[in-house]
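Heads up, there are several structures right after this.
Here come two complexes built around subunit A, the first alongside subunit B, the second alongside subunit C.
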Partner chain A sequence: MIRAFDRLGGAAAKYAAVARAALADALAWRSELALGLGASAGRILMALVLWSAVFAGRGEIGGMGLAAVASYYLVAVFVAQIDRSSSMVDTFAREIRAGEFAKYLARPVDPLAWFLASCFGRSAFQAAITAVAAAACSCALAGFLVPPEPVGILAAAAVASLGLLALALVNFMTACLAFAFQDVFSFNIGKNCLVEFLSGALLPLALLPGWARRALELTPFPALASLPAQFILGPARGGAGLGELPAVLLRLALWDLGLYLAARRAFAALSDRYEEAGS
Partner chain B sequence: MIAAMRDTVLRNLRSVAALAVARLARQASEAGSFWAGFIIDTMVFFIQAAVFWVIYLNVDDIGGWDKWCCVFFVGTFTFVDGLWMSLYFFGLVGIPEAIQTGRLDLYLTKPFDPLLHLAFERFNPGSLFLALPALCLVVVSTAAMGWRPSIASILAYAAALLLMLVLVFDLMVLARVPAFRFRRIEAVGAMENTLVEFAMRVPGSAYRGWLKLLFRVILPYGLIAAFPTEVFFGDGGGGGPLWASWAPALGVTAAFTALARAAWERGLARYEGAGG
Partner chain C sequence: MSEKESQPAVRARGLCRRYHKTVRAEGLSGSIRNLFRRERIVVEALSDFDLEVGPGEMVGIIGPNGAGKTTLVKLLAGIMRPGSGSLRVLGFTPREREAAFLSRIAIVMGQRSQLWWDLPASDSLLLAKAIYGLPEARFRASLERLAASLEIGAFLDQPVRSLSLGERMRVEFAAAMVHEPELVFLDEPTIGLDAPAQRRIREFLVRENRERGMTLLLTSHYMEDIRSVCPRSIMILGGRKAFDGPTEELFGEAPREASLAEAVEKLYEGKL
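Entry: the complex of A and B
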């Protein structure tokens, strides 16, 4: 039993070091920080420009006013920005295709755990950037945005964490396709676009027809934008109440478990095809 | 002087044509990647059309544009995107890598403009197929509006598309010349992606006041799909091309062409090569 705990502690320390290395790598490029902030703020501006024109002369659309939609996008865009696992797909796939994947096989590391730890380190850095950008945007738009529900912020953080884990697992499986295909760049772009639409990062899911909303509620994707925004808005402003939180968390946990098992199975099935450069 | 300029232009055009033929031969041997790229690109733009469709389930117009006008707008962006992806996108995105690895040295030694060589050497005919669904969106939306375009409108639309291809080329070059100075410019790419999204996701009718100045002059990504759409529909009621909008678009494109070329030349001046 004690040995099992020792092993668990050793593995945790190992992957914490991987996450720290990824965080340090992200921190080393400071000019990226300023430009990253600009890109995040640009997405908010884009949503404001579009929806100001959509709302012209209208009070409410889909049960939301312009202030609620602006607040929705502030949350949705920044949660979507935190994810770094999508960009890791290209790195991982390139290593597979270039024969550099052997480094995971030669070391005592688990590729999936390494992938998740590295994503966590990079996403932690991105979360810090986006928190600053979100705070700056909130200050700039103070008086226009809907004030957030304090407890809703915690609920949103829990939901977004499970959603980001689900996305990282989907991205690991996308990267594993590189064992079978020459180029997974197109798959990654297509997956990103679909996830963006299904998560509600492109437009509030409240605007979709009822049947589409009910179908999407069964998937983990709304946890990447729509659900966190709804918890922060609160039920009084067209969002979600805390009463819905346990069911949402349970559903997401089940998805994470299912995707974890699927990722393990996908790696086991596809990694046999790996041939090192020169082998 | 004129003869020398003509020789240079002809030599550059011949070289671009030779690069295109070489790429066609290579692409023909990679059918999987070809079709995957086509299917994914098409899906991206149909998702954007779906976004507008959902918005129009809830409202009748966006800044005076009805749903078919927005579908036409998405079709136009898809059309321009298909053309720029096939012609120079993949070549220009390789510029930072060419600078950092010293690959640019090879281009400087050849009797062909290095920027054009880099831009067109990765000609990707697969992306041209994007023009087919784009054309469908354009034709279907025009038919749904019950509007019969004049020959002048069609010609003006084609000319506007060509002008926007030049503008996008300039904007892509400007987003990559920082690689002469900085080692990592991924965030510039992220910023560029955000701005390109403006071109696709925000209809031209949504820009008002200072936003119009910002996204149609200073960062003219807002022109890319909106300008050809406005040219095609003229005053919005099928009254022919809106000639007054040409002067600003031509002026902005000319200014950005000069700026991109100057930035490129300045970058080359400080480039020290692989061993520099």
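Entry: the complex of A and C
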């Protein structure tokens, strides 16, 4: 038992170091930090300008007023921007195709744990700069946005965390496709567009037909934008109530478990194809 | 002789590995045909290969491009699975990738970096400390020894991308060997380096072997690497072992007036 705890502690220290290195790597370039800040704020403001134009002369669309939609986008863009696992697909795929993946196979590391730890480190950086941008936008639009419930923020954070983990696992499997295919970059772009739509980051899911919304809610993708926004809006403004939280968390946890097992299986099946040519 | 010393570091019997390659027809019409039908051929990268390496041995592996040297190293390090044959390295089956096995080996590939490009070199070493679970005191002692031996102390605080190739390779060695591995695989570690940098690395390898009893398998196209470091050499031609014996015997038959490059060319052509 003590040995098992030692092993667990050792693994935690190992991947915490990977996450720290990934975070330090993300902080290496000051210009990237400034551009990231600008891009996050720009995306939030663009969504607000676009939806202001759509709302011109209308009180409500799909049961949501402009203030609710603006609040929705602030949260949706914030959560969607945090994810860095999509860009990690390109890094891992390049390493697989360039023969650099051997560094994971010949050292005592688990490639999946390394991928998740790197995503965590990079996402932590992205969360920090997006939070600054979101806070600035919130202050600028303080009288206009729907004031969030503190409990709703906690619920949204829990839901978004499980959703981001699910997305990272999907992205690990996408990266594993590089063992079999030369080009996974276009596949990754297509997947990113699909996830953006399915999560509600592109268009509030409330605007979709009821059957489509119900079907999408069975998947983990709304946890990346739509669900966190709904928990922050709260039931009084057409969002979700805390009573729904346990079922949502359970569903997401089951998705995460299933995707974790699928990711392990995909890596075991595809990594045997690693046949890079000699130097 | 202790039990550890009596057990070979590497024991391979009848090792085989095949690759599948796609052959494509030439020209536009060939490209269109390839959309519908592709011909796949099987390439024998390594065939019926036997190998035994004792603890503390330094073995050079030479052969022309595509001979199977890198494939052999990857099989031994557990990066690839053998097609057939039996393989034990330090008493483990490499492809099972047990942590106890991976903690006792290291691999350095000349054209593949394991360092974090935008971070100071010391960060990659700290990460290696976490990966191998080294206690602080052991890590510091090992790092101090490697920094002195490889002369890297002056640029450990610089981002890896700003280092010269020679400096980067020395840091690669430090990051790969900070856990003091028993068995080290080096695949073209001096490729592209200038003569002083090559010499420094050769001296480092000989010193590591003398002081720690490290076992080494080295592939290189620079015959001076093999001659200076490895008392034993194996030549691979077309995935098969063509020679296994003392390095001096391998080169000994080359005419005295022939350059090393000429001697190797004749070796590969089977003229010696």
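The rule is simple: the second predicted complex is superposed on the first by the 276 of 279 C-alpha atoms of A that agree within 3 Å, B and C clash if a C-alpha of one lies under 4 Å from a C-alpha of the other, contacts with A are read in each partner's own complex, and residues count from 1 in each chain.
As a convention for this text, a contact is a pair of C-beta atoms (placed from the backbone, for glycine too) under 8 Å apart; a residue touches a chain by one contact, two chains touch by 3 or more.
Because the structure is predicted, anything quoted here is derived from the model rather than measured.
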{"item": "Fit or clash between subunit C and subunit B when superposed on subunit A", "value": "fit"}
{"item": "Partner, of subunit C and subunit B, that touches more residues belonging to subunit A", "value": "B"}
{"item": "Angular separation of subunit B and subunit C about subunit A, which is computed from CA centres of the superposed model and rounded to the nearest 10 °", "value": "90"}
{"item": "Touching partner for A:Y274 - first (subunit B), second (subunit C), both, neither", "value": "second"}
{"item": "Contacts of A:K103 with subunit B and subunit C, given as first, second, both or neither", "value": "second"}
{"item": "Lowest C-alpha to C-alpha distance for subunit C against subunit B (Å)", "value": "5"}
{"item": "Intersection of subunit A interface sets (partners subunit B, subunit C)", "value": "29"}
{"item": "Residue numbers on subunit C that touch subunit A, as the complex places them", "value": "19, 65-66, 68-71, 74, 77-81, 97, 99, 102-103, 105-107, 109-114, 116, 118-119, 123-124, 126-127, 129-133, 159, 185, 187-188, 191"}
{"item": "In the complex with subunit C, residue positions of subunit A that touch it", "value": "10, 13-14, 16-18, 21, 24-25, 28-29, 98-100, 102-103, 105-109, 272, 274-275, 277-279"}
{"item": "Interface residues, subunit B side, partner subunit A - complex", "value": "30, 32-33, 36-37, 39-41, 43-44, 47, 50-51, 54-55, 57-59, 62-63, 182, 184, 186-188, 190-191, 193-195, 197-198, 201-203, 205-208, 211, 215"}
{"item": "Residues of subunit A defined as touching subunit B within the complex", "value": "29, 31-36, 38-39, 42-43, 46, 49-50, 52-54, 56, 58, 61-62, 181-183, 186-187, 189-190, 193-194, 196-197, 202-203, 207-209"}
